[in-house]
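Each in structure tokens, the structures are laid out below.
Next come two complexes built around chain A: one with chain B, the other with chain C.
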Partner chain A sequence: MKRNYGPLYAVPQSAWLLVFFAAPLVIIVGYSFLEKGLYGGVKPHLSLAAYRELANPALLGVAFRTLWVSVAATVVTLIVALPCGYSIARSHNQSLRLFLIIVPFWTNFLVRIYAWISILGNEGFLNDILRTLGVTSESVQFLYNQWAVILVLVYMYLPYAILPLFTSIDKFDFSLLEAARDLGASRFASYRLVLLPNIRSGIVTAVLFTFIPIFGAYAIPLLIGGKDSYMLGNLIADQVTKTRNWPLAASISMAVTLLSGLAAVVFLFRSRKGEAVAEVAESGMDSPGPVGRGGSASGTGGPAGATGATGLTLEVPA
Partner chain B sequence: MNGSDVAVSALRKSFGSFEALKDVSLEIRKGEFFSLLGPSGCGKTTLLRLIAGFEDPDSGAIAIDRRDVLGLPPDKRRCNTVFQSYALFPHLTVFENVAFSLRLRKVPNRLLKDLVMKHLSLVQLEGHAHKKPSLLSGGQKQRVAIARALINEPSVLLLDEPLSALDAKLRQHMLLELDAIHDKVGITFIYVTHDQAEALSISDRIAVMDGGRVLQVGKPTEIYENPKSDFVARFIGDTNIFQGLVVERCGDIALVEAEGFGPLLVEANGDGPVGARVRVAVRPEKLRISREAPQGGLQGAHAAAGSEINVMRGSVEEPIYSGFQTKYYVRGENGMSLVVFRQHANWSEGRPDIAWKDDVYLSWSARDAVIVETTAGHDEGGGSAP
Partner chain C sequence: MKGRAVGLRRKSSFSDTIYFATILFLFLPLFVLFTYSFNAAKGGTWAGLSLVWYEKLLFESPTLWRAVFNSAVIALGSATAATILGSLAAVGTSRYRFKGRGPIKALSSMPMVLPEIVVGVSLLVFFAGVGLKLGMLTIFIAHATFNLPFVFLLVDARLDEFDPSVIEAAHDLGADELQTLLRVILPMAAPGIASGFLTAVTLSLEDFVITFFVSGPGSTTLPLYIYSAIRFGVSPVINALSAVMVCGTIALVYPLRNFLKAFAARA
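Our next item is the complex of A and B:
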């Protein structure tokens, strides 16, 4: 009889999930059902107060804004990433181009945000150019609004969309496009009717890898945005650091986790059952970055693990 | 449905510095089953892709029904392609694959359903309409590809080695089906293959290609019996090639002094004046192999034409048994090696009557030796028979 080592191989993954997913989640769930302490922290009394506060209309407003910004940024990311992935898959120097996509990751997340500030700022690069060209005499306020936030979000998460799209387009059999043309399809129709359905799994992965972390974004709206781009991630952080209502921070985190988890599941199942689920796992393995992040960010609301901005809700129990 | 004629003239196509097609001209007739036959890499697919419109030629012209189609995109040409790899849409069912072009043309649902089912029954796949292509066998995929192309009512169907992925038995079967479909729809088929048996058995006419050129166009019998070049003779089946100088003519028979062989009687209608260098081909099945001297063994017509018989004595170097026939390589006393086929009509006492190392006579009529190339001039160097 052969011995089955399957369970043994699963140990590292289980350990990882236990330490970085299950344990923090349990702590957050626990905190969300407790009473808030006077100067942060919690009192050991069970209470549903944190969940009652969720019905606050101001909070719902932030939730809807977060949803809108996330959807807009995801859609734009996808629209930009599709032609990028396509051209990389069809080019002769794929490795070089993929490498160039990865290069920005060598620079710290926050540094790249500050780079955008120095580009878009009132005394920034863009304004300098505009003034030199004589287009404007006054500085244009590019920063501190939703559009700037969406722009930087798109920039930041573009690689996470390009990589899975590239992977699935690379596997696509391009003679299918010729077959479609042969059967009377215009160029556009051949992309729409044949290319897109066949790279669906890549699209699903790209959407999940961008939408979920963007939904929990914190640092970008904090540094690039203004009043109109205060998102759930910021709200949670403020509950922890300013208002010191840790149970509320925990209950909002729970809501974010459940909602984005639910959205992901619905999306996965709507887009052709098992196939897509299997392929998400697969292309996750192919692409270097987002696996763990896509997963861990889903609940915790921090964009990239590399910086202090992550794991907002993880800080709650600290 | 009715076929179109296709005219290709002086077509050239290069990829970088590599010339894939060098001056190709062909006239393909309405409703014809026309094969492009040639070794791998000779430009068959390239020619097909030019006709379909996936690629533009560097120079030359392509006309379908005498209308220039250069510059028209593939979706505007009345030809459809069955791809070498089938290129079925994996995300669509068999039904939707076949319906693809009808959906693009917004054919009403009812008519669409009728047409699709009609074409599925043409290729005998009614029962598989709701399967995904990945669940089909190679032969079934190929039939879906044919149905999908035919439903668009092309006037020319381009088939790129559609049977190459199938096993020998299925290939034979599909070949018959293709032939039946061709008879039924009556459109022009341009069929690419590198399998000479396939081309010979199914085509009305064949163009033999090599190195980006068309070497010979003709009916299967012409191509087989009267190859116009060394290459065609060798490519279409096994053959024995002799080369030498014509030393004498007597009516339509020429006497050739063949290198490594000696005097050889050859049929030469018009070809090969005295003094010309010629190459001569003799098919292996036209050689008669026997253990007795041929005079006694020859009968009827052969005996009467006694003076036209070539004879070679030799010994069997290698017999290759293949069921219905045996192929013998016979080394002559003069050193020349010839290949012979012999059908097993009379198998005696469980052992072949001619075996390894037996001394044998080969004999063949001058009528079965054809001149494949005539050059007025010089030698191209030694080796002759394969």
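Our next item is the complex of A and C:
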């Protein structure tokens, strides 16, 4: 008689996650409904004050700014990542080209931020060049504004967009493009009407991998940005460590989690519907992923299994 | 006809241009760090070749090396814990069907989806609530927690690939549960386990946001050290350190990747 050992194997990890992941989350949810204590912490009185405060115009301003910065950075990332993924997929030397994308990310995240400060700073590389060329006589402050933050965000998240796009373009049957051209589509139309719909799942994954972490960004706006790039992540951190309003930190955390979760669900749902036509479901990503968050995530299904099932719609619009 | 073929080519060379421009963009910071690490002056202006920052890095930066040591301990420790727990759970959920399997699988990937800042804040509040002093232990716990889903998913994906009848054959031939686990399942899952472990080490070394919230005095990790260096006076020692780190990682990871690939192909 064979025993079922399954639960036995799963117990240690589940216990760990219940204690150190689920319990802290439950506490955060609970705190968001309590009154704030005088010196941090909470008072055991039920209250909706923390949620009412979410409607505070200053806070809404930060929320909209966060949304704008995230959308802008995601769009730019996508526009750059699409041709890159295409170029890698069509290259004869795919692994070298992927390798080159990944190498810069073997430096520490903080070191990369530091490097951008050395480039954009007052005494930085860019100012040095501009002065040497005689374009400017005094140094220009490129740092501590929204554009610097968007630039560095794009830098940080490009690979996370390029990898899933490459994977899905690599699976695309390029003879479909030729067919579209033979049937009279212009080059642009064939890309727009044939390529893009067929790599939809890659696009969705790329958007999720960039938008969600950017929406919760903390370190980059803190170190690269200024007043005009204070984002929700910074607001949460300051409520915890400076203002010590834990219920408000909790309620903003809830809002951020729900919003990014909602974005994920909406995106996944839309992509599913589009692919339902004729799908050659192909799970199991066998791309040579990088060592690191992007690669491992794209190799295993990503947030909510976004990467699996690369749809190949067999309808060719004439 | 001919024109069309050429047209398609030309389009791909447009994307190649973007690709190479992107590579330049991605390598620019590395290039700047490397150059500045040999700069005799402290600021951005070039003042001649010098190894002074490497000297300082080697002989005059005890707190930096302390941070490197802390990071290494945390990375190896949390990756080991996550690898053991995550691999066992993946074996359990992929080989057996039982009540609660679905929720366990869902729970196992959730920490990956949550924004980092939320994970960090919730752990801070939790540790404060249970009265655990912030330090190396709390960083270890936090890192093991965010590493778990990656190990679990990588091992799970690996286990999905192979034929379950091999395990039945082992049972039919008289192997008990432990023998099957040690001699059949774990060797087959080894590439997944190895890449899970390496991913966990990398993520742990890399993490700043979550560590920032759960660290205490005396538990400065390398990212936290760099953070304070940025905030309270930039030192070009960081340039030298980064240059060493990039070279070190390439020297270490590239052979390892090839080794892993060969390993995966063999298994």
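We take it that the second predicted complex is superposed on the first by the 248 of 318 C-alpha atoms of A that agree within 3 Å, B and C clash if a C-alpha of one lies under 4 Å from a C-alpha of the other, contacts with A are read in each partner's own complex, and residues count from 1 in each chain.
The rule is short, and it goes like this: contacts are C-beta pairs under 8 Å (C-beta built on N, C-alpha and C of every residue); 3 or more make two chains touch, one makes a residue touch a chain.
Because the structure is predicted, anything quoted here is derived from the model rather than measured.
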Chain B versus chain C as contact partner of A:S253, first or second or both or neither: second
Which superposed partner A:A185 touches (first chain B, second chain C, both, neither): first
Dominant contact partner of chain A by residue count, chain C or chain B: C
Which of chain B and chain C A:F215 touches, first, second, both or neither: second
First, second, both or neither for A:V194, with chain B first and chain C second: first
Which superposed partner A:K242 touches (first chain B, second chain C, both, neither): neither
Chain B versus chain C as contact partner of A:S175, first or second or both or neither: first
Contacts of A:H92 with chain B and chain C, given as first, second, both or neither: neither
Chain C-contacting residues of chain A that also contact chain B: 178, 181
Chain A to chain B touching residues, read off their complex: 173, 175-176, 178-186, 189, 193-194, 197-198, 200
Complex contacts: residues of chain A adjacent to chain C: 2-10, 12-14, 16-18, 20-25, 27-28, 31, 41, 80, 83-84, 86-88, 90-91, 97, 100-101, 103-104, 106-119, 121, 123-125, 127-128, 155, 158-159, 162, 177-178, 181, 187, 191, 212-213, 215-216, 218-219, 223, 233, 236-237, 240, 246, 249-250, 253, 256-257, 260-261, 264, 284, 288, 291-293, 295-297, 299-301, 303-304
List of chain B residues in touch with chain A within their complex: 52, 54, 73-75, 80-81, 83, 85, 87-91, 100-101, 104-105, 148-149, 152
Chain A-facing residues of chain C, complex: 4, 7-8, 11-12, 14-16, 18-19, 22-23, 25-30, 32-33, 36, 43-46, 84-86, 88-89, 91-93, 95-98, 100-101, 104, 107-119, 121-126, 128-129, 141-142, 144-145, 148, 150, 152-154, 156-157, 160-161, 171, 177, 195, 198-199, 202-203, 205-206, 208-209, 213, 222-223, 226-227, 229-231, 234, 238-239, 241-242, 245-246, 249-250, 253, 257, 261
